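Next up: some structures, all given as structure tokens.
What follows is a pair of complexes built around subunit A, which joins subunit B in one and subunit C in the other.
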Partner chain A sequence: MSELNELTPGQLAWLRFRRHKLAMVAGGVLIIFYLFAIFCEFISPYTPDQRNARAINAPPMDIRFFDADGQFHPRPFVYGWELNINEDTWMREYQEDTSTRYDIQFFSRGEPYEFWGLIPTERHLFTVDSESEGYIHWFGTDSLGRDMFSRVLYGARVSLSIGILGVGLTLFLGVLLGGFAGYLGGVFDNVVQRITEVLQSIPTLPLWMALSAALPAAWSPLATYFGITIILSLFGWTTLARQVRGRFLAMREEDFVVAARLVGANDRRIIFRHMLPSFVSHIITTATLAVPAMILGETALSFLGIGLRAPVVSWGVLLQQAQNYQVIVMTPWLLLPGAFIVITVIAFNLLGDGLRDAADPYSSLSKT
Partner chain B sequence: MKKYILRRVLGMVPTLAVISVLVFIVIQLPEGDIVTSTVGQLEATGVDMSDDRIESLRAQYYLDQPLPIQYLYWIGNFITGDMGFSYLYAQPVNELVWERLGYTLLISIGALLFTWLLALPIGIYSAVRQYSTADYAFTTVGLIGLATPNFLIALILMYLGYNWFGLSFGGLFSPEYINAPWSWARFTDLLAHLWIPVIVIGTSGMAITMRLMRANLLDELEKPYVTTARAKGVPPLKLLLKYPVRIAINPFISTIGLLLPTLISGEAIVAVVLNLPTTGPLLIQSLITQDMYLAGSLIMLLSVLTVIGMLLSDLLLAWVDPRIRYERT
Partner chain C sequence: MTQLLSVKNLCKSFGDQLIVNSVSFDVNESSTLGIVGESGSGKTTLVRSILRAIDPDSGSVRYNGEAGWQNLHELSAKELLPLRREVQMIFQDPFASLNPRMTVQTILEEPLVIHDLGDKAWRKQRVMEMLEKVQLDPSSAARFPHAFSGGQRQRIGIARALILEPRLVVCDESVSALDVSVQSQILDLLKALQSELGLTYLFVAHDLRVVREFCDEVLVMYSGNVVEQGPVEEVFNSPDHDYTRLLLSAIPSPDPDEKLDPLDRATLNLQLA
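Right, the complex of A and B next:
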């Protein structure tokens, strides 16, 4: 116990957080996902719009170490597809062609691209030998023969960043409005309270839908992206504002705030120097728990076709292909982006739970 | 109590007024208006529109008036029950929305009941058997339900239904009953289709309800009166259900109001996937085609529904918990 007394609050929080095994795992998963998103051009073997005419609606491939004869190969490989047209149904049916083995090569040359739009290069994390006309589609392909794995990675960049950006905006609005409402009280508080009530009693999705349908179709993808982010945050700040306001109201009467006021600190100093730090951890937690709502919102809008639109690739846009049920029955792997959404949202929830416990200075460490 | 009801009902009016202004602004946002799009369509089919006709069309929809006046006409008509005309369907909005709104309400309430019937008992069980395997299992399932977008659940259900049972989901009626008059057979057919959207929408609220019930009950179980009752030999089940559960359930009445917007939002998107004849697909259609009378009326109606739901939950809470209605009088 004695050595605990010498730790800073930050170290204590980290200790508490580390006890939360699930939250640690979730944090790890999210770090990996965000790395995927940041380096998606490099990690994906293809560019998102590159088509492979020989693998249209092809199912996911197995990455193998053992060939059909049971022989071990140190270098992983995939088998190419053999296309058959079913005479009865006229459907494409793919079968593994064990005579065409495509070895996976690392840091190899593939489709040229510009890394972060800046550095032209053609190196990819992994590809298969393109001279032998090989291809690798780990997650299968869509109806245009585009590689789903690459598209999921590129989609991660849009979907994951919209969550962070939207929450940033929400935080700004929520802390600003909630903070002033709680600190100033009176008329301003009343107005903010009423606005919050009104916004919370409108079903959000229909309103989001109306607003994003109002975004001009002529806007560039980037402008639409920011438009959607703003729409999502415009209605998300209310919960946070309420919580911040409640905190401020309670804290306004605390001894240390009264003391600061008596010493002659002005409002700005009291708010930013004395009050804000004491619940910054709470804000971080709330923000973490708010990210999934943003991601789900973007996904829902894009899925309906009124959010982000092709050629932008986001997880919602990808799922739009799987909207009807013949498609799902024929090509269920088009639902894979959905799995990423689910994992991301769960991870954010677990991380938020862990952060909440870690941020609570009163939760004891001595139990273990 | 009467005074309280009256005050709450009157309190709805400004809220609805602000919402209506908001909705009006939103439906004004897209460039152009109904006349420009109609004229565009007509001219595309070869009809030549004279300026006079365009002007008279404008006047017919008060589009020549300044915006505040347009708003007053719109909301005035809305209150008197005239919701304007839908261009997309060439029908008065009135004829379009009511049946669909009914189905929306039916599915939303069904989802709410489903959530409660399943989540409350699970929450109670998880609290009583805290940290048991089942507690963790339920928490996990709830979390997955929370994290999966509604439409994805619908898609997966459709896929599994087809793969395992060869069933095709979708719609609220079998083809032969879609336009049939109401009968017993049609009603049972409706019930046979209704459970899918109800489950799909219900799962999203499940995790929150479960966690809340568990936390509330855990707080309550620690209290001395429970120990006292147990020491005096009250049978465990009777003790549990008669005192702590009753107190722990109280807050849920107040969350109806918060759940309703979520449910209606969820319904809107699931309806698109499952092809339900509710307000959701209509709203999307109207937004995409800029059929603004229809879109505005739909959003307004859904908001009214939510506000009424919140009012009901407040009244219910005041009825159950007398402290609330005396607090502010």
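Right, the complex of A and C next:
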């Protein structure tokens, strides 16, 4: 216990967070997802719009080390698909063509692209030899023969960043308006409170729909992206503003704040040295818990066809393909983006829970 | 004896609830005035309006500081700043009154930084001196408040109040959150510091035994009014007001066999004049 005495509150919070195993795992998963999103051009073997006419609606492939004869190969490989039309049902059926192995090559040449839109290159993390007949579609392909794995990665970039960007904007509005409401009080507080109540009483989905429908269809994908982000955060700030206001009001009366005032500290010092540091951790926690709502909001709008539209690739846009029942029966792998949404949302919620417990300076480390 | 503080007809109400009703008293330098009364009698509101943590509705608080007699409520925030060095406060709750995110060094140094006193090395030295003065290990400076017990935290609170070398120190229930043995240690410390530094205390308490031992004069408050005031022995030995008698009758005796027999409120004349 004695060395605990020397630790800073930040170190103590880290200790408490580390004991939250699920939150640690969730944090790891999110870090991996965000790395994928950041480096999606490099990690994905194809560009999102590249079509493969020989594999339309192809199911996910297995990555193999053992060939059809049971022989081990140190370099992983895939088999190509052989397309058969079932003469009774006229369904396309894919069968593995085990006659040729296509070795997976790393850091190899493939479709040229511009990394982050800046550096032209054609290296990909993994491909199969582009000179050969082979192809690798780890998550299968869609009805146009586009590689689902690549599309999920590119979609992650849009969907995951919209969560962070939206929450950033929400935080800005919420902390600013809530902070001023709590600090100034009076008329300003009253106006902010009433606006909050009005915004919270409107059902969000119809409102989002109305506003998204108002975005000009002629806007570029980037403009639409920012438009959607702003729409999502315009209605997200209210909860945060309320919390910030409440904490400001409560903290103004805290003894240590009164003590600072009594030794002569001015408002700026009190706000920035005493009040803000005490609830930065709460703001981070609230923000973490707000990210999934943003991601789900974007997904919902895009799924309904009024958010982002193709050619932009986001998880919501990808799920649009899975809107009918035929897809679910015939090509269930098109639902994979949904699995990523679920994992991301759960991970953010677990991480938020862990952060909330860790941020509480009064929760004890000595118990358990 | 020089007068240090003079409060005249101080009133404060919240909404239509009158919390402090026309309170007047004087405090002499290097003495201790106890303010007693039950919960809700307006003690805390009274001392906080003296410190200008709350603005009173009417009345005056005159303080005889380095700059001579000044009415605290007529001063602007800027004019008040030098007086903040002379009037300080020790809080009730040692857990709430220290910022949990600052080290003891930062907490104690802050008043010096605000008043722009000395350089970094001098301030560090001063913090060490204060820690020694309140009988804490100087190595505690690098720690955070969570590492200390209630009594130790209260010592830190005392060090913070005294680091600016104030003349008047307001103790708002400063020992009531501590257990009895720690209480007496803190009271001894406050007494020692008083005789060493010539401090004047305004000592708010609800524990009459503590007041009897610690204070020179006492002021009894009942629902916002002063019902009795005078030297401690006089008030305790021959109380004039029924409310004071009620409070005195509620002090438990150190003898466990003696039954506590407080007076019955209904039989007393608690009407305010």
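To be clear about the criterion, the second predicted complex is superposed on the first by the 356 of 368 C-alpha atoms of A that agree within 3 Å, B and C clash if a C-alpha of one lies under 4 Å from a C-alpha of the other, contacts with A are read in each partner's own complex, and residues count from 1 in each chain.
Just so we're on the same page, a residue touches a chain if its C-beta (ideal position, glycine included) is under 8 Å from a C-beta of that chain, and two chains touch if they have at least 3 such contacts.
As the structure is a prediction and not an experimental result, all values here were calculated from the model.
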Which superposed partner A:A259 touches (first subunit B, second subunit C, both, neither): second
Touched partner set for A:I85, first subunit B, second subunit C, both or neither: neither
Touching partner for A:I346 - first (subunit B), second (subunit C), both, neither: first
Which partner, subunit B or subunit C, touches more subunit A residues: B
Touched partner set for A:M330, first subunit B, second subunit C, both or neither: neither
Partner chain in contact with A:M209 - subunit B first, subunit C second, else both or neither: first
Subunit C - residues contacting subunit A, complex: 51, 53, 80-81, 84-85, 88-89, 91-93, 96-101, 110-111, 114-115, 142-144, 146-147, 157, 160, 164
Interfacial residue positions of subunit B with respect to subunit A in the complex: 14-15, 18-19, 22-23, 26-27, 29-31, 143-144, 146-152, 155-156, 158-159, 162-163, 168-170, 257-258, 260-262, 264-266, 268-269, 272-273, 283-284, 287-288, 290, 295, 298-299, 302-303, 306-307, 310
Partner subunit C, residues of subunit A touching it in the complex: 4-9, 12, 254-256, 258-265, 269, 273-274, 277-278, 361
Contacting residues of subunit A [partner subunit B, same complex]: 194, 197-198, 200-207, 209-211, 213-214, 216, 292, 296, 299-300, 303-306, 319, 322-323, 325, 328-329, 332, 335, 338, 341-343, 345-346, 349-350
